[in-house]
Amino acid sequence: MRILFLGDVVGRPGRQVVLQHLPRLRREWALDFVVVNGENAAGGFGITEAIYDEFLEAGADAVTLGNHAFDQREALVFIERAPRLVRPANYPPGTPGRGAALVEAQNGARVLVVNMMGRAFMDPMDDPFAAIDRELDAGPLGLVSDAVIIDFHAETTSEKQAFGHWCDGRASLVVGTHTHVPTADHRILAGGTAYMTDVGMCGAYDGVIGMDKEEPLRRFTRKIGSSRFEPASGPGTLSGLAVETNGAGRAVRVAPVRIGGALDEAVPAFW
Amino acid sequence: MRILFLGDVVGRPGRQVVLQHLPRLRREWALDFVVVNGENAAGGFGITEAIYDEFLEAGADAVTLGNHAFDQREALVFIERAPRLVRPANYPPGTPGRGAALVEAQNGARVLVVNMMGRAFMDPMDDPFAAIDRELDAGPLGLVSDAVIIDFHAETTSEKQAFGHWCDGRASLVVGTHTHVPTADHRILAGGTAYMTDVGMCGAYDGVIGMDKEEPLRRFTRKIGSSRFEPASGPGTLSGLAVETNGAGRAVRVAPVRIGGALDEAVPAFW
Amino acid sequence: MRILFLGDVVGRPGRQVVLQHLPRLRREWALDFVVVNGENAAGGFGITEAIYDEFLEAGADAVTLGNHAFDQREALVFIERAPRLVRPANYPPGTPGRGAALVEAQNGARVLVVNMMGRAFMDPMDDPFAAIDRELDAGPLGLVSDAVIIDFHAETTSEKQAFGHWCDGRASLVVGTHTHVPTADHRILAGGTAYMTDVGMCGAYDGVIGMDKEEPLRRFTRKIGSSRFEPASGPGTLSGLAVETNGAGRAVRVAPVRIGGALDEAVPAFW
Amino acid sequence: MRILFLGDVVGRPGRQVVLQHLPRLRREWALDFVVVNGENAAGGFGITEAIYDEFLEAGADAVTLGNHAFDQREALVFIERAPRLVRPANYPPGTPGRGAALVEAQNGARVLVVNMMGRAFMDPMDDPFAAIDRELDAGPLGLVSDAVIIDFHAETTSEKQAFGHWCDGRASLVVGTHTHVPTADHRILAGGTAYMTDVGMCGAYDGVIGMDKEEPLRRFTRKIGSSRFEPASGPGTLSGLAVETNGAGRAVRVAPVRIGGALDEAVPAFW
């Protein structure tokens, strides 16, 4: 299978670059499955139903979230009728929505999409290592699912790398999100799981993690905020990871994707 | 000038890959100035005088540090006789050593090397934004110095990006260190400063930020440690940033460097 | 001198209990100097000029603040014309207002009031230990000032106790604020400085640190907020510390003050 | 029932003051049940079997722990044969020992003792709010147990107060531990649960949370440690909470206990 994962879409510049390129990439690369992290799609904070629908129409098969999942309070409601919208699985029991979804790809393959949050320097959710074991036991790769895609939304490189090793051999890919900067350590781990510490954001990189830089700089230097955070203007960059899996759902090829905006372009050579 | 910055050298695998490649790169790429972050060089924790000397002999012009600067207590002493060893400038006044050094390159150029620590999710040092202003006022690019190299040792992508923008136009390059994972967002900012959120580590990537993965995984999953952290074994990867500056000390070309070990290779196409 | 320090006034229940008792206590106890921490006086978040004036009229000689100092943005302006309003001294240079004030008591004594913020588990301000040295050098007890009152606004007991020892012998009293719970460890340290880890809040104790308990409980248990924090209703408790100093500005007697509301009453036996 | 809870015993000064007073108090106050938090009993870090036995002989019915539970690695082993030693219940499944124990008092009453850790500014354990529900469902007050004693080992006053309200009506008492400073907010909540944000430590208060002050001060001011933490010398203070319950296991009287050392003495007037 040909899988594309796109990192946190931040505000309008992020949505625009996704809508501009994803339909074409889906076609040209003959993508089988696309996941987009949408936790910052609505002005940098959360997601609306209209944006979720827009992502599906543009070619996403599933949308994942993170610590900003419910910043737009309508998400607490519409997530129940949005079967391809996946919020972190380690929210407390009773949280609206789902932390994992078994989604049918257009080619009929069953893809398990799991979203999970880290706890280092983040709000303490339920144990992500125990929670992913439960999810992987419920939808094991090769038995219930043809591919397993895990979005680990976390702050530190150490927790992300530990989580990648923990899942190695049980997932097709584990990608980190949340830091909004792509890392250059994409690779296939020993057990056949594609891994990248952070896939970066889809958004305007000439700012501070996708937001206009004035307010963050003010807070860092003066310790007093003066306004809300707003997404940075300027052209967005599409940022993500391309993974090709074999019949057993293991990754056989992996390459970063970066198109447009401020970063060096990267596209998979193998498609 | 041709400048190479190498990220946190972690333990023996890190030292080996530096010693193996740096002398050759220095020669083949006709490097004018090389900086190595050595905060994890001694078994993952701090640096010894012997290792510092080894780095200089291998082709480093300066060595920077970070939160692990003084893990080896001998560093509190030998740093005073090690003029090219630079610890974070925002330690309290009276800390042994120096936070910035004006180092003469082999070609006679004067290069200001500054090390600074971030504060987000780290021990609260003095304000890095105020401190860098003082350092840059004391050794301004183009007047006192021909190049300014800033190692911003910090945890979060937001503080690092804010710091890069803050220094833009006043430094030849601002590179992040500390997370031990290279980012793919190397670029030249609007004011002519090369920037990369993290240059990654020189060390074994098949672990958890350069350390053997067993103990970190145990602590994440069981919340009880059982032994010390040890550097991961396996081949090391050299990871850093190549920057070419013009006569005014501004960056004109920038490219990541990754050689050996587990990551995709990257070398500057322009040298 | 007879000094009364009252802890963080939280919302209307806090203001009411201060206005109800302070004028009487000032008279009955023949107080020479009263300081009130007002960082949460306006609905739990910051302070307005009207409230500041109200505190002075009720018998306060000075008002201190904390991390919520500028939650009401008007404070950035009126603090400049409010000479007895003191915000943390370790905000960056250029912050409106002052971090220390030499205030003349009604009996003519000169009282140095300093406000400082801790950094453990708080936003990293400038080093409070270095900053208090500067303030105490500028207004030394017995020379420039007849009494020195330090409000150390901090989270952890360890940083507060360390700070108390650091100031011991150089201040009449060091009181902690911010946690909104009075501690029972009031005492006079070896050098003659009265100390109490936290003086507690003036507010309604049947909540969560003075706020209505529903929203905090929701956030702790569900990890998703659903509304703003609002001050708890119910009767407020006045909470603070009574200190008597000698001619040299050293503490000779110390006792907690708790009047009204949910806590055990405490008043100094010596007045 | 007459219940005494003693806070974190820190090193030798803490053990000495417990051994000196507890046997006498047990007798004189006709105590029915005594719990001691022993997480810092062994030189400030963890507990040994010898110390555990010593506490039982001195009159403790149960010993609770906290984040330092397993600092002495022998505790991982002997806790299995120490039925009255209770470690935080929200460690991951599979952790040695137990998080709750139904202990028979000398008078035959069944007392449920639960230890739990908070997560705010602490290592992220399992959700303490969900975990306490499970424990209280398994040993409900008045049915399975005649009294329920909860030691909530946590950093912030907000999480502790929220936890107290959460348990109100389902426990005889909820006391906070970990900050090593007694609070003055002991009271009986609306549902009949005695509550105190922190019971303080049994140890030498002329230090920094029970440890000699030199090393903590050095780390706060110089940001470089130079030695291990050692318990403060000097006389210890016994610190805890006295609670009397009725036949339904609800608290009817509550008073702080502070004997010896640096703090104001407090003993229950009602015994």
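Should a chain be cited, it is by its letter among A, B, C and D, assigned in written order, with residues numbered from 1 in that chain.
Here is the rule we use: a contact is a pair of C-beta atoms (placed from the backbone, for glycine too) under 8 Å apart; a residue touches a chain by one contact, two chains touch by 3 or more.
As the structure is a computational prediction, the values presented were derived from the model and not from experiment.
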item	value
Contact-pair overlap exceeding half with B-C, pair selected from C-D, B-D or A-D	A-D
Between A-D and A-B, the pair with more C-beta contacts	A-B
Centre-to-centre distance between chain D and chain A (centres being mean Cα positions), rounded to whole Å	43
Chain A-chain B separation of Cα centroids, rounded to whole Å	29
Contacts with two or more other chains, residues of chain C listed in rising order	92, 125, 127, 130, 221
Residue numbers on chain A that touch chain B, as the complex places them	121, 127, 129-130, 155-159, 161-163, 165-166, 179-187, 190, 197-198, 200, 205-209, 213, 216-217, 220-221, 256, 258, 262-264, 266
Interface residues, chain D side, partner chain B - complex	70, 73, 76, 91-92, 94-95, 123, 125, 221-224, 226
Residues of chain C touching chain B in the complex	92-93, 119-120, 124-127, 130
